[in-house]
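Two complexes come next, and they have one chain in common, chain A, joined by chain B in the first and chain C in the second.
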Partner chain A sequence: MKSLLNRNEFYLAILIAVLCAAIGSLNPHFFAPQNILAFLKTSSVNGILAVGVLFVLILGGTPDVSFTAIAQVAEYAVVLATLKWGGNVGIAFLMACAIGAALGAINGFLIHYFRVTTIIVTIATFNVYYGLLYVLTGGGVVFVVPTFFKKFGESLLFSSHDAAGGVYGVSLVTLLWFGALALGWFILRRTFLGRSILAMGGNEVAAERMGLRTVAIRLFVFSFVGLLSGVAAIAHTSIVLSAIPNSIVGKELEVIAAVVLGGASLFGGRGTILGAFLGVLLFAVLRNGLVLLNISSYWYDVTIGAAITIGVSFSAIQQLRARRAKVNVIVTEAA
Partner chain B sequence: MSNDLLRLQEIDKRFAGVHALKRVDFALRAGEIRCLVGENGSGKSTLIKIISGVVRANSGDILVEGERVPSPTAGEMIRRGVQVIYQDLSIFPNLTVAENVAMPRVAVSGRALIDWRSVKTIAHAAMARIDARIDPDAIVGDLPVGLQQMVAICRALTSDIKLLILDEPTASLTKVEIDHLLSVVYEMKQRGIAIIFITHKLDEVLKVADTVTGLRDGEIVGTFERSALDHDKLVEIITGKSVDQSRFELESGARKTLLEVRGLSKRNNFADVSFSLREGEIVGVAGVIGSGRTELAMALFGIAPAETGAIVVEGVERRIDSVQAAVAAGFACVPESRLSQGLALKRSVGDNVVVASIERCVGQFRLLNNQRRRSLVAEWIARLAIKARDPNVAVETLSGGNQQRVVIAKGLATRPKIFILDGPTVGVDIAAKSAIHQIVRSLAAEGAGVILISDEAPELVRNTNRILLMRGGRIRSEIVSSSLTPEQLQTLVEAA
Partner chain C sequence: MNAPRRIAHGFADAPLVAILVAVVALMALANPGRFLSPGNLASLAYQLPMLALLSFGMMISMLTGGINLAIVSSANLTGIVTALALKALTGGDSASASMLFVLIAMAVGLLGALASGALMGFLIAYLEVPAILATLGVMTLIDGINVVLTRGYTLSDFPDALLAIGNGDVLGLPAPFILLVVVVALLAILIRQTRFGFDLYMVGSNLTAAQYSNINVRSVLMRQYMLSAFFSALTGFVMMGQFNSVKSNYAQSYLLVSVLACFLGGVDPFGGAGRLTGMALSVVILQVVSSGVNLLRVDPFFVTAMWGAMILALIAINHFVGQRARSRSAAAIMTNDKDIRLAAGGADKGKIEERR
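And now, the complex of A and B:
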């Protein structure tokens, strides 16, 4: 019980529940399955990216900021390639994942061998990847993407009909997100590799002394982040059905914020899949609520900023309280 | 001798121009507790690194159980049963006790998937071997240092261990934790595990050792049976000189009261603390960890301010609610942990020296005057004889004793009237220790008031004129230092 009260995830879940209740009471349509399934689908891109961000934060050091550029490059490359040579969803996934993993591996390589902090390296590679995309494509917008994207994006599981005859169900895109969460959970919780990532995030020197292969672990993490960026790229294309060079780039801070709100430490070694899920969910609910309550979407950034501020001060207050209550000395009675 | 567990033959090691070990011979039997003593730079750490395979010798042989180890790498030495517990413990603070203990076993098993049940089993078995009662599900970072160390020891016990090297294991432990550690060490000895124990605390050497090897300038001074040694003999082995037994004496005469503390209290820290400090005095504070002595220091220096009571400096009552207020009132403090609280390790010696007194280096338009900064740095490096190649090297490259001098210089550069020293000689070698004692005494001679908090009875008795004995957050008695022997003080402190 006590450990539950100390966990960010717990408070985040309460916050989300309160928000949902508030929004739902003002606009009952919020609780309609169609609405919930729809905003889960649109949040999938951020959700998949968040799993990657979580891994980087656990590994320690500073956050990776280049993952959106990697997703953007993968999206563009796959759309152009499949337009030119044809293909199917499977090929699109393979290509996107390969491109993503390769670009991620470059990040990991640079970070490990040059011993530069992640944020510096990835600011640099962000500009290289994203800049090259513009150079090579001229920044052109692709409005027509191969039809298999549309088909994939509209595929539903457990579909049913609503009163008006419309079809709704769980989108395959949403399942991609849940799949990424499940994979992330499995790696972190059930594999030695996952435990090594946590260990390295906790104490890299100790990990080295124990003979863990820190190079391999770091390369894995950054390739994995790249791979997930590739998956997110396909999810994104299937939703927006276009390739616009700045449609994913710009989301990086929002995703990082969601994961940090979910309890991941910026100092490494701490963070959970549940937290990464709830953080993204919170922002999804906020965005959806603003729409349903007819509040200008410009307020979205403000509310996100406020949520982060509250979240961060909340854990700071908790720590302060814990420090105040700490018993340093058991003071005895005067003799 | 075939019954030697470990044997080093003519081990020689040079680092870029430094002859760290000079044809060293060393032998150890199974179940033997060997203390390794020597000053910083004497070659102790190099010897340990060679035994554990972290560093390769330039020449010489390592034999384990009579068999020459052809390629003594870290992995190879672990396979042959040699484990080191470093001072920093090398634990994973974010993981549970069970996982920390089981991690190396899981790593060598080569399995890709984690079986949480076997993690628990491995951890339980290791903890049972030394009767360690720690919640296996606790996060290691939440535990006190003493238990963290037990976790590190349990982790070493998961393998087939023959030699355990403990590198300054007691540096940050409480008295109770040290006692527990020593009982664990005896327990391992009973099981035939050899122990190499490195410590700067001589009373521990005398308590724990079967045999003692002294190192000086990369050479073995000799290996001695415990029965042939006492405190002063140990000091001689380490320094090559005999011990300074002199005591601090307060010259008689009227003295102004610098500090008056009245009824100072802080919940869960200390209660009703009253004492005074006059010019030129060195007042000691004795007490075990958890007696409130460090908490008192932190309150006086405004780090964790007191809740009630009065602090009067030179007749004026001061509200010490922040470090800034304490510095303005004339306090300076050498905190308990120089590494985490006293120094910016990666910054230069010069930066660390001036950081607290940067106001003195400010010139026109409140810009930093480099000339003044340089001369201030040079002054303090000279006055405290800090051995650094130049003021721009990072503090972390200095020895423990020199690092501590930098912390003291930082405090002194603020020109304090009252100087609080909390464990100023923890983890520094004997030569540096007596140098620091001299600095403290000369501070008092110049008219400052010094509050000296220490674990070591000899240090307190020889370097103070009065001692406040703390227990359970309160001052229990005040003792004139000259009326005590170190042994008597030790008894008083332990009678908790």
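And now, the complex of A and C:
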């Protein structure tokens, strides 16, 4: 029980429940399955990206900020390629993942080889990827994407009819998110690779001396982030059905904040898939609530900013208390 | 009192001087007759202060091992609050506001920026939120407030006295440039001659040692973020004159360039090292490059990619130079390899683990 009280996920879940209850009591439509399924679908892009961010944060050091640029490049490249040469969802998917993983691997390589903090390298690669995307494509907007994106985006599992005759169900896009969560959980909790990532995040020097191949682990993590950015790109295209060069870029800070709210430590070695899920869910509920409560869109950023600020303060206070508790234990033991 | 780390290192800025000479020559060759023209040099002197003031504000937060991602947002906030205060004071006729009203409005705008700095300082110093997250949250918050205050519109109609800060001239010299020189001179005194300046470096180079040396770390961090926000406020006033208007999302690309400026100027992002001369050379280099490619009518997104490539090139140069010529301690700057940093003695374990 005590361990539960020390976990961010627990407080986050309570906060989300309270928020849901409050929004639901003001606008009962919030609890309609159509609404919940819809905001789960629109949050999938952030949700998939959050799994990648979680891995980088667990590995330690500063966060990666280039993953949205990678997703943007993957989205644009895949849409242009499938428009030109045709294809299907499977091909688009593989292409996006390959592009993402390759760009991510470049990040990993630079970070490991030059031994520079992640944020500096990724600020740089963000600008290179994003700037070159604009230069090469001329910043044009693609409003017509291949029809298979539309089909994929509208595909439903467990569909059902509402009173008005409309169809609703779990979107395949949402399943991409849950699939990414499951894959992330499996790697982190059930494989040696996952243990190695956690170990390296906890103490890189110790991990290296234990014989772990830190190069390979770091390259894997950054390629994995890139790969998930590719998946997120497919999810995003299937939802918005267009390719706009600045439509994903700009979300990176919100995604990082969501993962940190979920309890991932900025100092590495700590973080859970559940936390990454709940963090994204909190922002999804918040956004949805603002719409349902008819709050002017001018207030969006203020609300999100306040949520990030309060959230990171809360986790910081928690960690502060945990550290103090630790010191107390050591002092008592010494005495 | 002398700041630590200013040990004899010969002429440490020689590489930067070489880069400056090289980029000036390059830009002069690429824009024959235009780049070194008096008109272009004057416009350089008008444009430099915005980038420079933001970069020095960024440098101040990096000296303690922090970062200030809200630097541009605070500058926009200053401009917006000043414009709104002026409007309220004059009952709508901002353009003909009296000097007294202008000063009052600027004071209100300055207070807005200082409040944002105090909020960041509080989160970082007292709640021990990592600086990158605290300033990220505050940045989003301020951007939101800016949108709410302006409803997304552009505000303009300012009195000449206010616009002069950004676009006026004094004795033939651009007013913002004079402001920059004065402010940097004051900053140099603050950093080199005062207790606070010494404490900035101490907190950044070894937090634990600073705590045991009777330095009030929380107070230093608090004042540091307010000082950083003060630089945002000055930038905000300069921006009002340069853009002749205020808006919630002006100059956002400057955030990255200010980080790049610190990086190029040799400021250690983990804190404790960074010199004003290096920063001064670095901002001039970046402004020369920026103005030069602008004259060439290069795609602005190509410039974005170029800034990124420049950071990567610097990282590579640092790496190779560090490997060959310098000691392990120099290589440890910028590295995230805890082992090397520990071996270098520049950082202790406490600093790495409790880095803010």
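Operating definition for what follows: the second predicted complex is superposed on the first by the 315 of 335 C-alpha atoms of A that agree within 3 Å, B and C clash if a C-alpha of one lies under 4 Å from a C-alpha of the other, contacts with A are read in each partner's own complex, and residues count from 1 in each chain.
Just so it is clear, a residue touches a chain if its C-beta (ideal position, glycine included) is under 8 Å from a C-beta of that chain, and two chains touch if they have at least 3 such contacts.
Just so we're clear, the structure is a prediction, and the values are computed from it rather than from any experiment.
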Ask   = Taking the superposition as given, does A:127 touch the first partner, chain B, the second, chain C, both, or neither?
value = second
Query = Which of the two partners, first being chain B and second being chain C, lies in contact with A:305: first, second, both, or neither?
reply = second
Request  = Mind working out whether A:190 is in touch with chain B, chain C, both or neither, as first, second, both or neither?
outcome  = first
Ask   = Regarding the shared-chain residue A:81, is it in contact with chain B (first), chain C (second), both, or neither?
value = neither
Task = Examine A:156 and indicate which partner it touches, taking first as chain B and second as chain C; both and neither are also allowed.
result = neither
Partner chain(s) touched by A:16 [first = chain B, second = chain C, both, neither] = neither
Query = Of chain B and chain C, which one touches more residues of chain A?
reply = C
Message = Quick check for you: in the superposed arrangement, does A:210 touch first (chain B), second (chain C), both or neither?
response = first
Query = What is the contact status of A:332 with respect to chain B (first) and chain C (second): first, second, both, or neither?
reply = first
Task = Using the superposition on chain A described above, determine whether A:198 touches chain B (first), chain C (second), both, or neither.
result = first
Inquiry  = I'd like to check the shared interface: which positions of chain A are touched by both chain B and chain C across the two complexes?
reply    = 203, 205
Task = Spell out the part of chain A that touches chain C in their complex, as residue ranges.
result = 61-63, 110-111, 113-121, 123-132, 134-135, 139, 203-205, 208, 253-254, 256-257, 260, 266-267, 298-306, 308-309, 311-313, 316-317, 319-320
Request  = Please name which positions on chain A make contact with chain B in the complex.
outcome  = 189-195, 198-199, 201-203, 205-207, 209-212, 268-270, 325-335
Inquiry  = Which residues of chain C touch chain A once you look at their complex with the stated criterion?
reply    = 119, 123, 127-130, 132-134, 136-145, 147-148, 151-152, 256, 259, 263, 269, 299, 301-309, 311-312, 315-316, 318-319, 334-340, 342, 353, 355
Message = With touch defined as at the start, can you tell me which chain B residues reach chain A in the complex?
response = 74-75, 86, 88-95, 99, 103-104, 106-107, 111-114, 141, 267-272, 290-292, 295, 471-474, 476
